[in-house]
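Naming follows writing order (A, B, C and D), and every chain is counted from residue 1.
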Amino acid sequence: MGSYIAIALFSPLLGFTISGLFGRFLPKNVTGIIASLSVFVSFVCSIMLFNHLHNGGDAVKLETFNWIAAGNISIDFSFLADKLSVWMMMIITGVGFLIHIYSMGYMHHDEGFYKFFAYLNLFIFSMLTLVLGANYVIMFFGWEGVGLCSYLLIGFWYANKEYGYAARKAFIMNRIGDLGLLLGIFMLFNVFGTTDYQTVFSSAGTANSATIELICILLFVGAVGKSAQIPLFTWLPDAMAGPTPVSALIHAATMVTAGIYLVARSSVFFVSSELASTIVLVVGLVTAVVAATIGLKQNDIKKVLAYSTVSQLGYMFVALGVGAYSTALFHVTTHAFFKALLFLGSGSVIHAMSGEQDIRFMGGLSKKLKITHFTFLLGTLAIAGVPPLAGFFSKDEILAKAFYGNGILVFILLAVTSVITAVYMFRLYFLTFHGEFRGTEEQKHHLHESPSTMTIPLIILAILSCVGGGLGLSSLFSHHHFADTFLSSVLTNANIPHPSHLFEIVVLVVSVVLLAIIILMTRSYYTKKQNVPTSADEETGFGRILSKKYYFDEIYKTLIQKPIEWLSNFAHDFIDRKFIDGIVNISGRGVTVCGNYLRRVQTGNVEFYLLAMVVGVIAFLIIYQLV
Amino acid sequence: MPPIDHYIWLSSILFSIGVIGVLIRRNGIVLLMCVELMLNAVNLLFTAFATNFQDSAGQVFVFFIMVVAAAEVAVGLAILVMIYRNTKSVDISLLDKLKQ
Amino acid sequence: MKTLVLLFISGIFSLFGGIFGLKKILPLFATVALATALGYLFYDSNYGLENLQNMLIFDNYSTTFIAIAIGSTLLITLMSAKGYSYNPESIGDIIGLMFFVLCGVVCMVSFNNMVMLFLGIEIVSIPLYVMVGSNRNNLRSNEAALKYFIMGAFATGFLLFGMALIYGATRSFDLDVIRSFSATALQTSPTYVSIGLLFITVAFAFKIAAAPFHYWSPDVYQGSPTLVTAFMATVVKTAGLGAFLKFIIYLSPMLGSDWYLIIAIMSAATMLFANIVAVMQDDFKRMMAYSSISHVGYVLMALLTVNKETQSIVAFYLIAYSLATIGIFACVLLLNPDHNKGNGFAMFNGLGKRSPIIAVILTICLLSLSGIPPLPGFFAKFSIFKQAISDHLWLVLVAICSSAISIYYYFRAITAMFFNKPDETIIAQPTDKNIAGYVVISITFVALLLIGVFPQIIGL
Amino acid sequence: MVLIIIPFIASLLALFFKDKLAKVLALTASVVQLITNFVLLSGFDLKANAFQYFSSYTWFNSLGLNFTSGIDGIAMVMLLLTNLASVLIILSSWDNNYASMTKFLSLVLLMQGALNGVFLSMNGLMFYIFWELALLPIYFIVGIWGGENRIKITFKFFIYTFLGSLLMLLALIFVYLHTPGDHSFEWDQMIIAQMTGWESTLVLWAFFIAFAIKMPIFPFHTWQADTYSVAPAQGTMLLSGIMLKMGIFGMIRWMYPMAKNACGCNYNIFIILAVIGIIYAAIIAIKQNDIKRVIAWSSVSHVGLIAAGIMTWNKEGLQGGILQSFNHGINVIGLFFIAEIIERRLKTRELTQMGGLAKYSRGFSFLFMVIMLGSVAVPFTNGFTGEFLLLNATFNYHVILGVVSGLTIIFCAVYMLRVYQLAMFGPEKDNGIRIGKLSWSEFVTLGLIVVLVLAIGIFPNWILNISETSVDGLLNIMKGGKTL
């Protein structure tokens, strides 16, 4: 079984090396196919592992070699495929594979084609190490690896200055999180002497609770960075600078869920630590609301999706916060499906619009882009939570858990958020696909459906986002909650009572009704009345604040970036040059100055010399007598 | 003979006079004379001690000193002459070219 | 003894040689004579010590210092072929005087009797007055001579007064007797002893140019012909220090802690003053004067603790110092043979390009003086620090600071040689005809490196 | 022994050749040197807690100066670095045509020899001698081949460091005077010197200042940025890549055992200084526009971390420190060489003058990327393993210090990415100057460095194992246990 892990890890790495080194000599299709195949291979492996575990096999461990050994620190380069890891593997490789296929079409005209695929493969490799690592350090290695890949891919079109900055921003914000994670790992070393999952978790009880709290918080800081939660979420929307498949794969389906994975992985600790869980809950909740509201006022198709991603991640963290870890992962899965679908859909739209991303210049695309339109619609419905699509079940479950686990307030806020979600998603949908076309003539003339390499993944994902809910049918429909039962062995869920049927029904009905209303309203507003959102600057009142994203970037700029830059200049020009170096130089110059004065003593006048001699003699006589 | 201390005081005074002379006079020749005064003070001291100890070595030393002093003066005068030839003066305070 | 006689005779000979037009061969003769003297010296030393009625004692100690002095003179005469160009007709006299000075040196470092010390000092001094002034028509040379003379005579006065007082306290000039009497002398007539010692010390301090009695030396070094400067900076200093050390060794029972304190103060003052002032000098020869003063300061540190090693430490220091100094002056002489050009640092500009050999050798000498390992200068300094650190830590700290300062001016020359562009105004082009000069500098070069890598070879 | 002699001879020989030949000679010499080093390594017993290849010859008896040389694990790592780096440096100078290249190369070789001497010497005085000897060549290299107003800067650099080493000399003599029996400068005698806590505190400070100036640790760093930026590329590499390690090595081998009776509280001060230095330098690096200056400051920051980690004096810290000094040597040489390559093409080091270089130089941008990541300490590059251990050590020493020094991984990312972005990304400057293809020497040099970066990133134990036993031994000495 261990060999499957090895293959799963190795094949993307191989793909990376091939397309990285020889990519420029191979024809594009070959590169693409090699890359996709390599991912497919690891997908197959993960299926194998999945079967193995599903049939009651126990976790597979792969020991390779001792990576770092110094004193008490000894880190093995080993991997562990338990149910959680494999669950993530499935998503990563599965969605990853589809997106590879898609990219073959999407990136076809780009001269960095092979580089793109090399990076993608590298990403898959790192992501797999992240989820498969058998201890926190290996996970950290994957963690940084994916961060790097996202940096590379966001800055893929480096010729554009803005994109470069976006990439840097992403990397640095992640780094801030990473510091927290790293410190957490040090704490673990400090407490348990190792970071190997099995040992650490088995001895989790031994450590005192305060330490555990601290560890959890530190780990969560890492999660916040990676999963774009408040306050470190601003990088994700900017990350949309990258090619759309990247946004789909990294910034929607997989990488950003690493934070969820981390917390879920450490569920043993989090369950036992009140404070940390509360923090997780609050952060998640706030993020969900804030991001959703911002999403209302965005005009860039990808930005809207980005903010919705942030808000959905917030959802997941809420779930984690209340201790429903398997629920969170369930939502991760469904979200991976429909969000990937939506992004790819938007990608195909952008493809058709030849690079245009602003929905104010779109509209009425449903006629030209049939498949895209249909799949996108499905995605929208799914995320809006229309039963029986995937989104409904996962969201509904989170709501339920929140309600029973944490009370009414959280529940209400989440409900509101999901309403908002529906609003901005349909706004997006209608503005894009219905009404009159608002783009330029030659754009209109150029409109076309994307090639099959792009549409097929769309279709598959659409299907998945329809049936994905099956992984976790709520107790209303079936007594077998697959995700829960599968994962419960590795996740220690807080025991939250199952929602009553009444509650289920109420939620179901209410949500259907609400959605219906929302759809009609948005449709009438944007399609019938042909309202077109204005640009951020023309907005007024609260709308302006929203469209300016609550001025987060500006605040950070003034509160953090500017001061540091000022400090840097100050430290260099004043403290260093003037003060420290000044002291050094003065002590140097002092000598020359003294020399200059003492030199005068040597008047060249012999009388003075004689006098000096006599004075010297007398002085010595005095010393001689006194001492 | 009177106690040795008197001689010591005397010669010390002479010596000091010589020193002061060297310090305050500028004329090269006078300077030489002052130096001679110092040396003679020493001579006096030596002889005094010698007679006091009934020891000849001291007196012998005096002769050495005289000889050396003579030689010194010879050289000194020569140098002064040389300088006079170049500067038409024996005022030592004029000689301060060497300095920085 | 034989050495002394030989030196004296050859002195006479070269005086007459100067008169009877043998000027051509004189430098050669001098070289040979010195070499022979050196040979004799070592030859004699095999027969153990030689005692002349307790006036002079030629023992291992004196042999060492005489050897250093004669060796330095040998090198100087070698390089001096061009050195007399400032007044060629009196070459005989100068060489003769040089020999007489050497006689004085011999007396100074092997004296066992105050008389011999006095005579030795005078025999050294009087010819030197003449040599300094030997560049007759150069006013600077005259001035130097006069200054040196007046102050020298002045110092002699103090020396004699001191001797008189010591004599008064101990009734003898013989060092052994004085030593044996010291105990009684100290309680019968302490004042004589203390003041006498002090005056003698002052005289020595004057000879070796230690602060505050050093004022003459920068002027004199700058004013007198390069050749003479080199001679004074090496031979005379060696003699002075040798004599002083011997004096201290003999009279150590008389020397109280306060006396040592004075020496310590002197050495600190010397090091600091000399180094700091040297930083601001623009005339290279003058800078060298200060540097030599500062080195005296280091040696004084060694004199503070007299034990069986002190002699060899001082000797080693003097060797290292003399070699480097002679090398430097030789280079200066090569660059600026007839003293018409100024000796500013500018004369080194771009030397690294113009004549790399001189540049490299000069650099090595300077490095050795500044005490950069593994050159002899370092070992010399180091051994002194090592000896002094245990009971004069503060002094060692001063020494360390001042040697850090000394880097400043030594490297100023090096910088000029390698980093500066040669400027056309003062282009001191080395005269390549002067083979002897090159021989000398290469000898110093090799010697420095050898001693640096195998310090054992000089058997100290 | 051989390690010292080869380069000296070679440096002499090199003087007698024309430029091209001299290059070949120098390169072969350094390669031979490296091979010798590997031979020694192969014969090196990793498990033996002792100084191997031990040899001792009298040099200057009356001073207690013996030519005593021996290699333990720590020294072995440093030697490897030195000789590896020398090969890289000489290789990197292949395309430079300085005036009188032969002198230049011979100085580099001389330097290499001296550095080997420093790491080999087991005699305090010998250590000092080679320490000073290593200073001279770099003085001339910087002074002769340096950039504008080099004279002032070199002067300052030299006097500053010289003062430091004089202090060290003082400390050495002081320890010497407290060695048992008739005194000796031999290392194994000096570490058992009997000193009161107060005395050894003095010694400690003297050593610390000397080494702090060399490394340099805040606030003794002011000579560094100027010197680095004015020095010729190879000079900078020598300074930052190897010379700085003399300080680290000195701390481990000399300062720590000599002053073992000193109060540990001093180390708190040192570590705090080091940590201040980390952040201080990093913050300054953020706004620098001269690419060499950025690297210089980053090097201050990294060294601060190394020093802090080492001075926690626990095994992780020491191991990490040693490993990281090796890595830092490799990385910083790589970075400076990259700066040099860019300067060769663009004739400027101003980041503002660059941009879009990535477009026409894929290979270069890849190599640059990897090396940069190495210094940003991304996992699987050598930087990570070292910094991981160091930060961990610092964190365990004191939480706050750990957190503060942890900030370096953020700042480092900030300024390194800034450099990379400004240089490589963005629209192409219209001056039409491009990196184009690398010459073979450039390519080989960078290639080697990249290989090392990745290899050590994956198998750090290769280095760690070499030094492990000796580190144990050292810590054992400090516990007052028996000496080696």
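Assume contacts are C-beta pairs under 8 Å (C-beta built on N, C-alpha and C of every residue); 3 or more make two chains touch, one makes a residue touch a chain.
Just so it is clear, the model here is predicted, and its values are computed rather than measured.
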Note = Judged by C-alpha centres, the chain sitting nearest the middle of the protein is D
Inquiry  = With contacts counted as defined, which of the two, B-C or A-B, has more C-beta pairs across the interface?
reply    = B-C
Ask   = Hey, which chain ends up farthest from chain C, C-alpha centres compared?
value = A
Note = Here the gap between chain B and chain C, centre to centre from mean Cα coordinates and rounded to Å, is 26
Remark   = Per the C-alpha centroid definition, the whole-Å distance linking chain A and chain B comes out as 99
Remark   = Distance in whole angstrom between the CA centres of chain A and chain C is 79
Message = Based only on mean CA positions, could you tell me how far chain B sits from chain D in angstrom?
response = 66
Two or more partner chains touched - positions in chain B = 19, 22, 92, 95, 97-100
Request  = Any chance you could list the residues of chain C touching two or more other chains?
outcome  = 146-147, 150, 154, 218-219, 280-281, 408
Ask   = For chain D, what residues touch not just one other chain but two or more?
value = 159
Key: Contacting chain pairs - touch in the sense defined above   = A-B, A-C, A-D, B-C, C-D
Key: Of all residues in chain C, those that touch chain D in their complex   = 309, 312, 352, 367, 372-374, 378-379, 382-383, 385-386, 389-390, 396-397, 400, 403-404, 407-408, 411, 415, 418-420, 454-456, 460
Chain A residues touching chain D - in the complex, by the definition given at the top = 24, 66-73, 137, 140-141, 144-145, 148, 151, 155, 158-161, 164-165, 167-168, 171-172, 175-176, 178-179, 182-183, 186, 189-190, 564-565, 567-569, 571-572, 575-576, 580-581, 584-585, 588
Ask   = In the complex of these two chains, what residues of chain B are touching chain A?
value = 19, 22-23, 26, 92-93, 95-100
Task = Name, in rising order, each residue of chain B that touches chain C in their complex.
result = 4, 8, 11, 15, 18-19, 22, 28, 31-32, 35, 38-39, 41-42, 45-46, 49, 53, 55, 57-58, 60-61, 64-65, 68, 71-72, 75-76, 78-80, 82-83, 86-87, 92, 95, 97-100
Query = chain A touches which residues of chain D in the complex?
reply = 156, 159-160, 219, 222-223, 280, 283-288, 314-316, 319-320, 323, 356, 358-359, 362, 373, 378-380, 384-385, 388-389, 391-392, 395-396, 402-403, 406-407, 409-410, 413-414, 417-418, 421, 424-428, 458, 460-461, 464, 468
